[in-house]
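Chain nomenclature is as follows: A, B, C and D, assigned in order of appearance, with residue numbering initiated at 1 for each chain independently.
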């Protein structure tokens, strides 16, 4: 077992797709503590990014900002928050890559422009950022970061003479890809979602004004009332006149990332009208329809497999029980041990609960398989704990393609399903049975809707992606 | 809502009893990486203490040590671990008090003595430490810390001329209270448990030698085989002759802390032959026998209430479902917000899952109530989420007395059950029904054994406690 | 004595003008360790700025950068340096303001542009940065920082189509003020000095290529040979063709900041052909010609007054001796004590050496007076040490005007000589005699040259400064 | 040039003996801010130790303490100081070894004992600590640290029944070696100096009470008046009755470490009635008597060689001038460069001032030679700067023996004079002439007193040192 495999095993969440960001915004009519609100909002969105966190606050004249590395609780001290006074705020949490990317890429980004200061928080990825960046550089523009977000800020500044709202609309029309944005001038808060709604963004109401957030769980966290999701291709401008909505794109079909429902979003969030938790339970029920197996007990890979396991148990009548105990401190950085210890450290993060498993036929449910390394390890540990038979069911289709819209997917060669049949994978991971949910099953678990980006499952993407990008990726 | 209440609500684990430490030890016949083993063992025991962590390693000639504040993952860097070479190790994790106590009280303690260096890790509290310390000071002894553990080390050193084993036995005979100890000379590992076995300690086997740990989950974490629990009043001495057992106390009755089963220990541990998870599920079943209520759904306060809720659901036939979604980042330090925001931040750490709750009659199960502040808050949030009726069941008896044996209990005046009837508490927290498990119910959920310390429930303690201690506490 | 006065007294260097930056650059024909060279170069220039330090390295394809707060030794760890591989480097040290300005304003700045990446290090201040920034914003440009340097980078990028060299020339022509720049593309190193040469910049030769540095002491530090100073209005472009020189400005008169000679530059540097140490010794000799006093001993305020004191001693025949012992740890941040202690802590940083002073008539020499607070304190401490008579001589004219060209001067109201006659100052600080060097004296100590900016002495500046700037300052 | 040589060259102070500690104490009749006083006192003693700093304060009932690594300014934040309230304080600064020894060995040490809490700060080394420690361990004592100081604390506690004063006297009688101690109970401050007065300790007076300090410069720093030095073999007990003096040892001859005068102590200190600065100037004068050379200029290795150079210049009539410019930031930790850069980085810390040196015959004066590495390097750099002839004079005898009394001396094999004749050393370092001050010369520069420990020069020590110690050292 080499070291990177070890890390996957040590923390199963390392063998999942990674979301890339969470955004938040608040507009208040009077001076309540918008920085603290944003802090709590970001705390609720922490699962969307742990690399860095930042909050910018506008007080009508200028914008102040604080950004830091790590979790929101690490990036902000009391005094940092107290310095941020104003009526409008945008905030951002960013996904932590292995190597860390440093404070210079932390968001929100804050720039000065003809229109005054602009702060922006961005979740998503543009597919034409390079082309537009080149055009802007031809016009003499310089760039300080390698982020898509700086390109958007430049585009807005270029159209400054048309007014802030029109400038944002123009900028949104120029870029292609996925984006959920909260943008702030010194007196306006703007939310924008890409024409296919690939990344989520919703609107909430507080007594004093309005809130924008990647997920509705952030509204709950600060006691805001959920109003609605921002629609694909919609821009909302919030200022003293209230909320105004603009469409910068016609005929859009909502194609929200299916993985938001399957794994990324918090179960207590509601996206585009669908309760995330419910779709996961239904995926488990649907899984039973597609794979009606017999067993003594249904268990889950905690925590993300639990709702589907509960759904499968309900649908099948086989009792659900706890299969693994998770170390509460999973997620903290971890020293990589010597080889000899590594081989033994098999139950450091997920320990099979023998008393529930010994001598039983088990259905094990997980939300997805990416590399398969963790799955193999978990099944081995179940067998060691005395399980007689492991049927492994996955509450999503097999992941075969990379994502171009804001998810950090491994190289395609590392996606086990891109290169192996179901039978091969079953044998590799040592399961007695392996079954995936079908694409139709995903739709059925989402109230029979079909408007999702399923690109990572079937290679069909909502937005044309430059072909060289794809070929480069294939080379990887 | 004042600030300390807010903190309780923000992190429900703040409204629980706190365990005081976890200990670990390993003896190997050849030079495997005992420091890494201890690191992983302590990682598995992390729930027993988060204030500091330390590892001491003996290499036959001397003992090296590293200690640090915070979690084991924070206290140790790769290079710290690499410096600790040897064949024997003891390790310790310590509970984090509000104010933090600083590195000078971190364990293991390492002292030099006539017998050479001695390192020791201690879980528990002596009731006669002050008296013995005074006696030792009369003999000219100086003390560097305020810990009980230094007193034990002194006692051992005083009897040095009798040999290490006899010296430890003598020391154990002199002290009264609770203790689970791992002690190390430069060539021996010793485990000791107090005459009533108030704190747990178990023995495991690895290919190259033996392991001692507060809980068996730490054996699993390093791939050790569970051998047995150390018996109350037993000392085991592990050296090149293998494991030798000594009794320093006769006629002892095992009276392990009942709260280890109810809340402290990890569910995948086995203590004195009882599976912790199973006792919790059974407590839920027993709870149904004592409080056979009707409702639409059984939910739990995560995570500690879940096994009992599953047990209640099984026994009652009422379906178990997820009631709250817990923010994964609970436990990280948190900025305390302004009053205005505090009132809103009602769902920051536990967010009710409305879709499972709206319009329903709910049985909510928690493992214990200490102050009641969190309970009140959770029930309010359920009501706001549309729950029609909340029956609140507690999988343990009501906590009315302080603990003198290693648990950090609040002042008695803060123990809600010390001062209020069940009806009063029910009204204070806003439940429609409130029921506790009986003391008998605790025994029944533990295979009808009766050998537990139930002091915090009934005020009867296994060891006489100096009366002035009690009166002081009553004054608090 | 209030707190800010205390700080002045605690560290006399706080009562001096502050330089604003040091720049460095190296171009090598083969891959020697240019990052380490820059590190040592900046270490030699550390006196020019302690707020932050940064190094950017180009390897022909891209530019890597590392910046950090504090001294160069604090900002860089071994691994930071090791990551910077290439053949060209620019580096920067920045002056530490009281409040600290954060990493976002640290230099070099690194931007991407049509010409590829550009890194730049800047010492000086532009007087027309605001106007040009506004013009650029009108064209849609956004800005990330509030630094003049970003404006220069934008100007260069705007002229990109003309080629890098021409683009830099155009940019230099557009800005007004003081600047010594080291600029780097991925394959060229450029040095530029403003048309009046207000800030110094010199060229050195190493075996493998060329070096640029604010002061020649940085050439000594890395074993480079001094070639010549960059001329006012000159740009040097260093690439594989060697060094090419361009003039972007005609008819310029060198007007280097006189304070570089008086206080800022290291005594072992040579600027525009003048040895700094020698000019200071000659200022002392000149001081004797202008103020031929009688006394028992000549002493200096260490360290900056020492060369002039030696010069005065030589010229007068009065013996030079050590008057104050300086705490070696001056310069480290310091806790500000309570008032009661403050009054006593009179000799914390400079302690009079009584044995050399008691009962004597003393000539005390300092390089300059800014606020006068420290002077008053030092004279008091001499009197307490038994000095009979203190004649205080200043080796520069009285400072009456602010600087607009890169020096952090206090508000004009705080410049003691702006508001008081020599007699008044003498009485305020408690000296028995007070004398300044004349402006002519400055010229004489610099080989009778007259080409210096003496703006802070006489209010006549080499570059027109927007009048509103001045009026704003007067208001301050 | 290897890496450790490089470090010597980079920072000449690395090629000097290291002092081991500075101690401070204050007793006040009312509640002035004794912690701040101690902070400033230790700041003045910072040259005696940079590894760690600590302050303990007694308020009549208990003793609070804060210790930290690094300089006093790094170890203490404002809030650390503010927490230390009381009327009595002791403080300590500790010498920084290469590897750093960690906070556990920082002083003062604080222990509880029969007499209540005791805090102690110690400068010096005991030669019989091991023997006494063994005796104490035989009596059952355990030890937490490897410091001599803990042994002294134990001895005091053992004699507790005799009262604090008598207990300290007894302890002093039991130990042999060098010590200057400040000891504090909750209501008394005690100062003690070893029977030969090897380490200095002096008494000062403030309005509210008394001060003890290793050197008188610390009295100046807080505005205290110098009263007298503590005598060899004297104990002073300061309490509400004032200062009481006790002798625990008869017939002692003061044999203060000669190196205190030569290098360690600050020049503005007075030890045992001798002004340190004056003894250094006189050593220079004496050096001329012993080595009356001809030359164009006398220069010094800064800073420690300067007073002797001034003395030589006075005595000889040859002018003194500045020979080297020292980087102000010397002393900060430094990245060690690659070999190729190392060879060039010849003038990073001391840069010859060519204008004063070129073409001249130079007398270079340093206070001492330890390894000679730095000397060789400096002479080379002078030659490169154009010096025609370098006569190198050392203001102390040649160092041939290790120190057992508190100075960190290198292995004897590394002491260049232990293994080489003067001629050999002269050739090794490349000097044209090399001369040392004679032992008699040391006495003459100290007012013809002879009471000094000259052990490192002649191998004759004031206290018998266990022979095995010596043999072990010789083996090194």
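The rule we apply is simple: contacts are C-beta pairs under 8 Å (C-beta built on N, C-alpha and C of every residue); 3 or more make two chains touch, one makes a residue touch a chain.
What you are looking at is a predicted structure, and each value in this text was computed from that prediction instead of being measured.
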- Query: If you check the contacts of chain B and chain D, which chains show up for both?
  - Reply: none
- Item | Most distant chain from chain A, judged by the mean position of its C-alpha atoms | D
- Query: Using CA atom averages as chain centres, what separation in Å is found between chain B and chain C?
  - Reply: 61
- Between the Cα centroids of chain C and chain D the separation in whole angstrom comes to 36
- Task: Could you please state the distance in Å, as a whole number, between where the Cα atoms of chain A are centred and where those of chain C are centred?
- Result: 50
- Task: List, in ascending order, every residue of chain D touching at least 2 other chains.
- Result: none
- Message: Under the definition above, what is the set of chain B residues touching chain A in their complex?
- Response: 32-33, 36-37, 39-40, 43-44, 46-47, 71, 73-74, 76-78, 81, 206, 217, 220-224, 266-268, 275, 277-278, 303, 306-307, 310, 314, 319, 321-322, 325, 327-329, 331-338, 340-341, 343-348, 351-356
- Task: Using the touch rule from the top, collect the residues of chain B that touch chain D in their complex.
- Result: 103, 109-114, 118, 137-144, 146, 153-154, 157-160
